[in-house]
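Alright, structures below, take your time with them.
Each of the next two complexes has subunit A plus one other chain: subunit B in the first, subunit C in the second.
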Partner chain A sequence: MNLQRVLAIASKEWREIVRDRLFFTLAFVVPALLMLLFGYGLSLDVENIPFAVVDHDRSAASRDYAYRFIDSRYFQFRGYAGDERDAAQLIGSGAVRVVLVIPPQFGKTLAQGRPAAIQTLVDGSFPSRAMTTKGYVAAINAAFSLAAVAQAVSHASGLSQQEALAQLTPIALESRYLYNQSVSSIWSLAPKLIMVILMLSPPFLTALGVVREKENGSIFNIYASNVSRGEFLVGKLAPYVAISSVNILLLWLLAVLLYQVPFKGSLLFFLPATLVYVLCTTGIGLLVSVLVRTQVAAMIVTMVVTMIPAVLYSGLIIPIVSLGSGAHVVAQLMPAMYYTDIVVGCFLKGVGLMSLWRPLAVLAVYACLLFAAGYQLFSKRPNI
Partner chain B sequence: MKAEWQLAWRRFAVMLMKELKQLGRDRVLLAFIVYAFTADIFLAASGVSLSLNHAATLVQDLDHSPQSRELLARFQQPYFRIDGTVSQDAAALAALDQGRAMLVLSVPPQFGRDLANGRPTSPAMQVDTTNSVLGFLATSHAQQIVSQYGLESAMQRLGMGAEAARSLPQVQNDIRVWYNPNQEDSWFMGIAEMLNIATVFAVLLPAAAMVREKERGTVEQLIVSPLSPLGILLPKVVSMTGVILCGVALSLFLVLIPVFAIPMKGSLLLFFTLSGLYVFTTAGLGLFAATIARNLAQAGMLSILILAPMLFLSGAWTPPEAMPGWLRGLMFASPLHYYLDIAFGILLKGQGLADLQPAILGMSGIGVLVFGAGLLLFRRQFD
Partner chain C sequence: MSDTIIKASGFGKQYGAQVAVQGLDLDVRRGELYGLIGPDGAGKSSLMKAVAGVLSFEHGQLEVFGQLLDSERHAEAIKGRIGLMPQGLGQNLYGDLSIEENVDFFARLRLVPRAEAAARKEQLLAITRLAAFRHRPMKQLSGGMKQKLGLVCTLIHAPQLIILDEPTTGVDPVSRRDFWAILARLIAEQGLTALVSTAYMDEASRFTRMSLLHQGRKLAEGNPAQILQQAPGWIVQCRVEPQLTAMQRLAVCWPQCEAMGPEIRLFVPEADQPAARQQVVDVLQGLECQQLDVLDAELEDVFVAMLGGKQNAATVPVDLLAHTRSELAGRELAIEAKGLGKRFGDFVAVGDVSFQVRQGEIFGLLGANGAGKTTAIKMLTGILPPSSGSGRVAGADMQQAGALIKSRIGYMSQAFSLYLDLSVVENIRLYAGIYGLDRKARDVRLQWILDMAGLHGHENALAAALPMGLRQRLALGCALVHQPRVLFLDEPTSGVDPLGRRAFWDILFRLSRQDGVALLVTTHYMSEAEHCDHLALMFAGRVVADASPQQMKQQVLTEAGQLYRVYADHAAALVSPLQAAGFANVLPYGSALHVLTPDVERLQQVLRTLGVERPPQPRPIAMEDVFVQRVSQLEAQSQGGGQP
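Now for the complex of A and B:
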């Protein structure tokens, strides 16, 4: 490999990128903007769920019951509905996601010390949201129910209501949240956003850069020159890796300074590991660009190959352990999952090379394989 | 007058054929369109679940009494999956560190005796909340299990057996989930993925078709031809809309309905008409990018800038209620937000034209605006 030729190719590519000012700007603006948008917008918390109440009872107990939901920060009260038909319309139109139906005689039944029933209708078009909502409803219901039972017990036994309540709840579960003590979304989100964005932008830049030469025909200059395959690929990819390296720093700064995510690990491990990941994703771009002939195809193939797996199969939204078997295999095949371990480990857990050498090794092997495949498939004598 | 219409129609037909042929010759691209609308949707629908199930749980029982065993036995599928026991704190922490377990439950010594004597006792739970929603769900389920067990054992101790417990003024909440009674994640993920893929293609294909002409210089030929700017744009958008609708039909009839048994509750005709309208609208956004960009690389970056927020903020992955106000405002500018309501409304809820009116109006409004602006900008380029 002749260093001079590599440098010549790299500087030619660099000039081409810099002269296209819009492209050059977008190469830095897009990742930063995505980080801002998703950091503020992609909240996974289910809060302020709009709900309505159908109260057939209109007693103090039914109002008390509804009030426990109105008062909760998880629900947002949108008013009383007349009957079930109104309620059905509200859910159908998406105006509310939950309706509580309190039957007649609810208060009276409770006062007589008998169990009472309540119906809750939940919009199930978004299953995960429905699950969370069910969890909230059950928790609030349990609290109300316990208070009602405590009252009955205190009547029967003569204990005060507080004592009755204490008697009825002998076990208190002490929960300790690890890695993310305040259970705030942005801390767990921001590191993973770095993973997603570095999965999206390097392959996109690379694929477009290489296929552009193919489609414009300027690649014939390379075919006819004495530059070897390896020299061409290294020189061609170097500027894109350089741009992405600047983006690594940019994204890290945004996470630490803007979102105030604590960085517990060491930068000396994080930066090289991230560079390996960027080499990996650049390799994906290289492979795509070798396989397709037009820039449209390059754009769409990279988009489908990177964006959707980076979101769905990386542990960003769904933990890998709860993926189905088919998706589990896909997740193992993508580099995103391994880098998620690294970035989350560095930011939130403060672990280093000792416990993260395995994913790092996988990424390194992955990068080598991708480049080897790209090198093998790229031919200076294509049969068109 | 009639001849003019005929001429316009013939020009349209010729341009349409040209676009379709051009697309058809890009085999890799064509193969990928088919892949995206079938295999990719299948993978997303079959494998991805956004709910808490089978949370890997380790238990640390320092008591070994019947009570502690009874409590731990209540942590069951589908939410929890007991993977084994640990005896040391260090081992538990290591398992959490390496992601082998999501929860560690530990029951303190004397738990059974305390419970029997009515003394308060507190088992501990350590939760990996790297995913904060799942962490919250796991805690809330665990809380319910524990407090229910506590209530039952307290009732027993106070001398009120099962009989008495049944006549307590407890409130039973019967929760019914509509439209998707078993909360099949595959329905939601499959449909959402289909809409996402359609969106990706709707922005990229027409934009690319336009910029390619610019980059190669063939746009000069079009300009000197008797075609009007609309006569150039419309066939591009119409042909790509046709291709995308075919893709949607492919995924609906080959994957979603036969494999995942999605109930087709509404009218198919309405669904495809509105999908056509949606693709048309979204193509307008792509054309915006196409007028600004001078080459395909620029167009690609610009369309990522349009696409990524559209996909992330559509309300499919993150609930609109949880977003800050200004972003919720932005969501109303995204056609995908309305299309999501429309698609779920027709496919799962069986809604008709009347119920969907607000969404349709919103989408068409954006469509007219974006398409009109895009056309105006495009026309200016010719002068």
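Now for the complex of A and C:
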């Protein structure tokens, strides 16, 4: 390995990247932009659900029931609707996503100690959101029912309402969420976005950078000289790894400063581990670039082989354990899942090498395999 | 050390099922400027890449510097001693890097010691006259400058063998001559061996030896004289009235017959000069023969003659009935440009362009890269509004009736605007649809195009699968689907083999003469410029000459004198002493020199003092000589006397 040749290639590559406005944008602006777009756009929290009420009863009890929802931070009251037909229209137009229909005689039935039914219409077009919504409705409804029973018990037994309530719920559930106390989705999302973006950006840059030379013929300068394969690959990829290293810091700062995600682990572990991940994804770009010949093909192939694993098989949206058995196996074969463990561990759990050495080792082996394959398949004397 | 640098035996290269090169033998010796000549797809690039050790191959053996190239590891052994410049105008250079950075990169890549690299860089930049532009980014250079920079980068590590793949394709004749002069000088001074390919047949005489390639096989090999001997014959150039009748008679006897403006040029395969002349005179009996010259055959004629034996389909049968419309030719104006100008900000792309083209006339627009030809065509076709001046095209005012013009003209570009995934018939139907032809008219035109282009039997073939020549004729057919009265052709023949080019010009000639269509053509092949009735030469956005080819030649002959070819052992070394002796127009031409001078006796004297005894041979001047002489003169003027 001759250092002068490596440096010649690396500095040429660096100049081209910096002077080509499109490439420069792709290298330094796009990753940060993705972090902002995904961070604000992909929030999985369900709050402020717009809803309406059809009140056929118009009694104190029915108003009391509706106020439980109106007061909740999870729901946003959009007014009373005249009848079910109006309500259906409101849901259809997207103005509200939930409608509560309170039947006539609701207050009277309750007062008589008989069970009453409330109809809930939920917009089911987005299943996971509908399920969450249904959960909120059920919880508020249960709280209302319990309060009603407690009132009846206190009335009959002479106990205070507080005591009656305590009698009725002998076991109180005390939940404490570890690692993400407020269960804020951005806390879990931002670290995973670092995983997704570092899965997309380095392979894109690498594949385009190498294939660009193939497409316009400047690769022949390399083929026709004594530069060895190793010298070329190191010199060519070094600038891209350097750019990605800058991006690691940039994304980390965005997560910590902008999204206020606590970073509980050690940067001394996180940064080298992330570098291993970047080498791994750069290796994916390298492998794509030796297999295709045009920049368009490079883009499409990179998109397919990085985007899908990064989104579906990484634990970004669906936890790995919830995947089907086939998908579970696929996820084990992709590097994204392992880095998700590392990045979430570093940010939220504050664990380090001791508990994360296994995924790190997998990534390291992955990177070595990809580079070995890229090196082996790259030929200075191809047959086309 | 052996004198053989490259030795190939039974070399063959295949891409999947497609055979690129087959059974090729090659032997290139030290110090040679060896040429590979052939059209696109002849297998030149494959061979050159294999020689450079950057392409593996399936059949035969290849030795370079005595090293057998049979593996990537063995190929590495020669790479320090070779320089490769791949195909494509400056494609292997880095657009965002300056001239100097490009050269430095190649020097560092090749591990040239710093002091040595700096010295050689200065020397090469001086020879190529690029030193003044050293900080300019490569992407802002003209085509000719890119090629010269490519050459500098290829030579920076002082290789012993350089491999240049079509270094002159897409470069105008002046830059091309410049490039060859520089290359000849470097080869002579540095003892290089060079393997160079070209698609321009007229460049063949610059090589010490060469191979003619066609469809992956070698047609002929040797020095220019040896190749000319392989198809002995003479070129007869005559001016006969009526031209069409003469053409029809001559083409029956000699298929290699073409119209060049008012003249007819044909190849007579007959070793004896008087006999060749007599045969032509006999055939033309009864017609008014105004002029008849018998000239040496050029390499391109020989190439076509050699292919002619193998491939008969090239010439289209000549119809016997002359169209009555041809009598109208020369009356109505088809294109009229009056002081057309186009500015882009401060930059004047086209200054003041005026010319006229009549119905039935073939008009050639010539000029170096960046002279403003494309901008002029874009204004005339209504794509670009002019900043000043006016013009009429096909009877419509170009200032007001851009859309009307577009419906009355046809346009065929260099890129052959065909849909490669559609079949021949589908392409034609598509264009018929675009121009709004009804079903009946469409079917009539479809038949006409298939007849005209000789595409019967290929109706359902995909455009991508057609050979270049046929594809080009299909593109012409598509441009003619709506029967335009005016046709614009922008470098219509680049990359097409000589046979295909001749067949194409045959069609153009009949379109103009029989159907009275006005044709405006741009080309970099100067041999094609001779086909035009009328030429306009553009330089720096202006028309600087506007005349027929014959008039242009005559003008140069009157101003600069007769053209002589000087044969000498080391012709390239004579350039500077001759220029010092006052001969302004001296250009290396293969192993010889071309000199334009009114005083042949003084030339002979000077040559004798330089030790050259063989007298200079007078030659008929070609359009390329005219173009180069004119443009060099203008360049000298604009550099010397303050161009505004």
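Rule of thumb we're sticking to: the second predicted complex is superposed on the first by the 377 of 384 C-alpha atoms of A that agree within 3 Å, B and C clash if a C-alpha of one lies under 4 Å from a C-alpha of the other, contacts with A are read in each partner's own complex, and residues count from 1 in each chain.
Here is the rule we use: contacts are C-beta pairs under 8 Å (C-beta built on N, C-alpha and C of every residue); 3 or more make two chains touch, one makes a residue touch a chain.
The model shown is predicted, which means the values in this text are computed figures rather than measured ones.
Applying the stated contact rule after C-alpha superposition, one finds that A:Asp20 touches each of subunit B and subunit C. Touch criterion met: A:Asn2 reaches subunit C, while subunit B stays clear of it. By the touch criterion defined above, A:Asn221 reaches subunit C but does not reach subunit B.
Once the two complexes are laid over each other on the shared chain, residue contacts for A:Val304 go to subunit B alone; subunit C is not touched. When the shared chain is aligned, subunit B comes close enough to touch A:Pro115, but subunit C does not. Once the two complexes are overlaid on the shared chain, A:Lys12 sits against subunit C while remaining clear of subunit B. Contacts of A:Ile70 after superposition: neither subunit B nor subunit C is touched.
Of the two partner chains placed by superposition, A:Ala60 touches none, neither subunit B nor subunit C. Set side by side, subunit B and subunit C differ in how many residues of subunit A they touch, and the one touching more is B. Of the two partner chains, neither subunit B nor subunit C is touched by A:Ala372. According to the touch criterion, the shared surface of subunit A, contacted by subunit B in one complex and subunit C in the other, consists of residues 20, 216.
Looking at the complex, you find that subunit C touches subunit A at residues 15, 49, 52-57, 71-72, 75-76, 79-80, 82-84, 86-88, 91-94, 96-97, 101, 105-106, 108-111, 137, 153. Contact residues on subunit A toward subunit C in their complex (touch as defined above): 2, 4-5, 7-9, 12, 15-16, 19-20, 216-218, 220-227, 379-384.
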